[in-house]
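Each chain gets a letter, A, B, C and D, in the order it is written, and its residues are counted from 1.
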């Protein structure tokens, strides 16, 4: 199942969609050009570890293993050397996201390292019709699965068929979007077409995102044996194996995309640079991947990639153990779990001893914490109060953000509302900075303007029904300890202006359970959508289930949870219409214009209170690990570090 | 107190000389539980140590085997023991866990206790416990030791000894247990058997049997016996000599016949008169129990311990500790009545200036 | 590791007979107390424990700061220590307690504050200094603290500050209240179960005893930790801190009472046959009266001992649960939650003073164990 | 003896049955079920999953059935040795736990062994030399071990080891030997890893053991049969070791069985800190992710272990203590 650990997750395409869409034609042209140069201008090299196998004939020679025009990858710094093991760690059982971020990211298309283009990958080119309802892809000639069998359009079609099977529970992909049904048509071995009912302007970005792997992860030859339409015995076989149905066996044997079970079955063929050789079972203490001899990429000198022979991932429930491993130089690259603000000092000090370096990761999140008051609060009194703009502005002014930044982030960052980051083309200083100055008097004025004039014995302001204002804020400190710290400070600061805040440090399940019942005052989360503004608009309008602040409204918009769905306020409805237009339109300029409009409304309405700009994160890399960029963008859809091509990293 | 005379090899087996035993405890002043005890044990003879409970009998007995608790010590005095009539060893001078001492324990001197149940290990068979004793002292291996054990058990009249050897204490009746206990004590043919109220915990008939058994065995093994009891009846039955203890003092000692016939110490007399006699109704006298009760050693009077309860107490009693005063052949007592001119006259006690009745001085 | 403790019945050995005589006349209580005082270790421990509970009761007054008072400028400030004598450059001497100020700068690369104690700056300390008005025990209005800096907003971090610049000492003191009371409440609850159930089963014996024994056996046969986990995980997760707090104590005591029941039962079985009980029965005293007036007093000390010995277990359990994220959670301040903050490499490496709760726990538990042992030895000198 | 055994067996079955109830209750107590937390993680991952699918899954996992049905399905499976499937791993529970259970028992067994080796001599000494300096030192030392919270000790140990020896303590085997069959190399490797957790666990348990041993022995030392033993002429130590110690050991030995379940549960905390592949962390995780069959199975097994343990205890006791064997007093 999908990762437990990702909290920075966002979905769908890249920050500069207009360029993204340009990329279609442009990239197509470019790659054919590359292909011309790259063709067998010189003999390809392979990793020494494969030589023996080729000698005794267990493997065909490298030329036969590579496609006719392998993807030529420009190394970050220089052409590297073969060999070495990349050691990292998986946090316990639920950390498949790390594998998604390292091994699995290799779809039909991929993002370039700057995250501003969709470039060819398995597909060497594609065409899109004008209203973006039909996409035709051309796979490279002679691609092979890790078992040496050809990778063809049939595998794609099979994946679509299986994922679309109602009896087979695969979570929301573009293939199963009830709002926009699609079909696949196989033209020939390497050509196939996707057809959508409505315009699908954002398809390439979805394919280039971390979720793109689903489509290319199921080998028809192997997986169809578990699938009744192809194998009538499938049900029987499942029963014999002790499964309760074919779907269970399929999930287990032929898990899609980034499902954990995918790495528990050694027979499963991959298209990735490394294939699993030590499975990830419930009892495994490490997972090992080794180079895929049929990998279809080469460097500029025609050396077959990847450079690194093995990936070794320690499975550890204990972050402290991982921390010590990193300090001790037993981890070659990681940016997860242990690379926290709090740990920065020790890792900084440890560089010499551990022979590693710290690199920069620019976060895709905007503000460190978003206070999401429940604008659909069942209690009318609270509801009215939360929907009162003055009240929210009052809260915002009551926060001494600099104090929080000093205390929690050692003075890193600046006051910031939920708004596009400075790096984004949507950046709007006014939106990011409005109401961020600490000014208790002003705060009080706004609060009184919101009708909170009376106070009780403890100096807590009273609502018109005479009840003191008390906001219970839900937080999962397990995900980000900083959240709790920030709230503890906010609690005291708000008390100053007569607002009582209660902190519910709760478990994640409950955190989500509460949403559909609207049974909460406020929840906090990080400011996703700072770079991927269009793809992750959860804080700019009630866009999806993560828009906790207006859950009933988003339900109305997405047609989910009918029992609580509620018609949104005027301004929100306007935004929704705008976004619908945006999704339909293929024209990037138009998309940007519409998004700006949406943002302006958000700025005007100010539904959410933010704290401070998320400071840069960092990664930990051994000093001898080369071709790793000094600065990376950190996101989920752009699954750092995969887009920086780990297959061309090497040890010197 | 009398000067030390060289031990008569063929006569005396063990002699206690002026032994006193002190209990110390962290929170209280030391208590002198036993003071200036002297007595002599003769080969093949039985000395009965008599007194109310808490008078220090058991302590004295344990002192001989150096089995006193950690908080008790022999303060001064000698315990001279000569097994083979050779040069006597002073047990008091030996280390309580020394090799020499251990070679005496169980081997030359052995002991049987009041509580046959709790005195035997509940988790070892009778056989094992006796075997161990044998193997400990004469070096033989298990097998022949067991043979001897069975003999012993047979000898002490335990039916089906071979099987019994394999049974656990709690599987036997009180009487059998005590017999087993005795068997163990006799395992190494000791010269001296110390019996610490061996019959108290048993019912009357069993008592009698055990006593007979002991007497028989004593004759057979020709060993001396130190028999501790508070029951004068038993004394009369088994002892040759008797030493009466009161609150840590041996107040009177002599052969049973003398002491019973003419007790010299008021305490002894009191004891005597507190046991019923078989007489015709007409001549029956009221039993007169000793008035008052035993004070704690803590507030024992300077002088004679019995002062507080003595019907004849006079001037020196409370302050001066009376010395041993002979009252016949090997019969003596510690009482001022026997020495002081101005002592009140008490009928039946040999007092200075009072002519003895004929036959008294035998 | 849960080794079932074997509860022996006091046996009065033959050999001690001579000793017993003199003390026999003393009253149970006086005798116990006298014996207790000889057990120096326990005696000292008694005072330590008393001290702990005083701190717990008067936390607000003793703690120089409030548990939540933070100061961004002093995150992870190292301990200042208290000085008593100061010598000025000009050689003049000053007496009286004071703490030094800090020199602070931020290391942007390592992302941390670098503190250097500044011997020049001195903040004198005083007793009963003015403070923000607060309510002692929640209802007595006060505005003085036991001690603090004379200037109101001078930094005072005697044993250092935590990640938000909160005074560790103050938090420790406030945590004492929760942790100790959780232990106490828990034990009291177990005691109620334990004494009642154990008492009756020991007094009546027979089938009742049998049944109770089975129940106890069963409860003991439930593996503790999963049970905690299960129950703790089962707590309604939207409960407020206070509810959780009591729920946790209840859980702890639900599993804790069996041990006490065993002790009590053991004593009862021993006492039931004692003469004074039989006597009371012959006098036709009611069972209740016999139990309450005759038997319970005669082994109060045992109960006290057993209780003291049970508290440490509770405290440790609380910390363990917090560690597993199933017990109390921040912002509640308890030793457990404080240790939660300490349980990472960053703290060990950079702010070892945050381990202080660990030391306090150790001291408290040692003290209570010795106290308990002392009481037990005193209550039952020949048994142990 | 036989009837005794028989009675015990009956009681055993009943207890296990009762335990199964408790186990099931525990896994059902938390609100929501596995799928709620599954959905939670999905949406946290930015994924969507349409309600129909969830409904389908729920139906398939039978999470909609009334508890009674669920219970009997579950217990029915267990009776046939089928503990159900772990939702999280989509794998039979039994595949998951045996290995880890083995590690737990191995590790804790070692810890207990160490404890006994350390605690018994000390306990005996402390009893024989009551209130001596040695007695005090032993007690204090033991209690300090008892008082240090396990996780703290483990963490500090790991950190100091890293600082002074540049090694990371963790795990029970080096990865290369993880799967390999037992051979000398693996044993050595295991010991090289296991000493640290064993140390932590042992320090926690020793105090208790010392205390019990001391208490029991103090009781026995005052019994007359000890005097008898001395009166035989046995050397002091031999007398003490052969008789009172022998008797004092009974209650202790009889607790061996009790230890069985704690074998598994007591190491949860340490295992989490030191990343030991024992059953503890698995249980913890399954409880928090509401992977009910996995959690249920582990609790169930612990319960069974306990009951078996108790039986073993009673048998051992009967074996070493004739008074019980022959139903004496």
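Worth pointing out:
Throughout what follows, a residue touches a chain if its C-beta (ideal position, glycine included) is under 8 Å from a C-beta of that chain, and two chains touch if they have at least 3 such contacts.
Being a predicted model, the structure only gives us computed values, none of them experimental.
The innermost chain, defined by the distance from its C-alpha mean to the mean of all protein C-alpha atoms, is D. On a Cα centroid basis, the chain most remote from chain A in this structure is B. Chain C and chain D have CA centres that are 26 Å apart. Averaged Cα coordinates give chain A a centre that lies 96 Å from the centre of chain B.
As a whole-number value, the distance joining the C-alpha centres of chain A and chain D reads 41 Å. Centre-to-centre separation between chain B and chain C, using Cα means, comes to 56 Å. Residue positions of chain C touching 2 or more other chains: 14-16, 237, 325, 343-345, 349.
For chain A, the set of residues that touch two or more other chains comprises 320, 324, 327, 507, 509-510. Annotation for chain D: residues touching 2 or more other chains are 31, 155, 159, 223-224, 227, 272-273, 288. Of all the residues in chain D, the ones that touch chain A in their complex are 31-32, 36-54, 56-57, 60, 86, 88-92, 95-96, 99-100, 155, 158-159, 162, 166-168, 170-171, 173, 175, 178, 271-275, 277, 281-282, 285, 288-290. Of all the residues in chain A, the ones that touch chain C in their complex are 319-320, 323-324, 327, 341-346, 348-349, 403-404, 406-408, 410-412, 477-478, 484-485, 488-489, 491-492, 502-507, 509-510, 514. Residue ranges of chain D in contact with chain C, taken from their complex: 11, 15, 18-19, 22, 26-27, 29-31, 111-112, 115, 136, 139-140, 143-144, 146-152, 155-156, 159, 201, 204-205, 207-209, 211-212, 215-216, 218-219, 222-224, 227, 251-252, 255, 258-259, 261-262, 264-266, 268-269, 272-273, 280, 283-284, 287-288, 295, 298-299, 302-303, 305-307, 310. Against chain D, the residues of chain B that register as touching in their complex are 62, 65, 67, 97, 102-107, 110-111, 113, 115, 118-124, 132-133, 136-137, 168, 170-171, 184.
Those residues of chain C lying in contact with chain D across their complex are 1-6, 8, 11, 13-16, 41, 214, 217-218, 220-227, 229-231, 233-234, 236-237, 312, 316, 319-320, 323-325, 339, 342-345, 348-349, 355, 358, 361-363, 365-366, 369-370, 373, 382-384.
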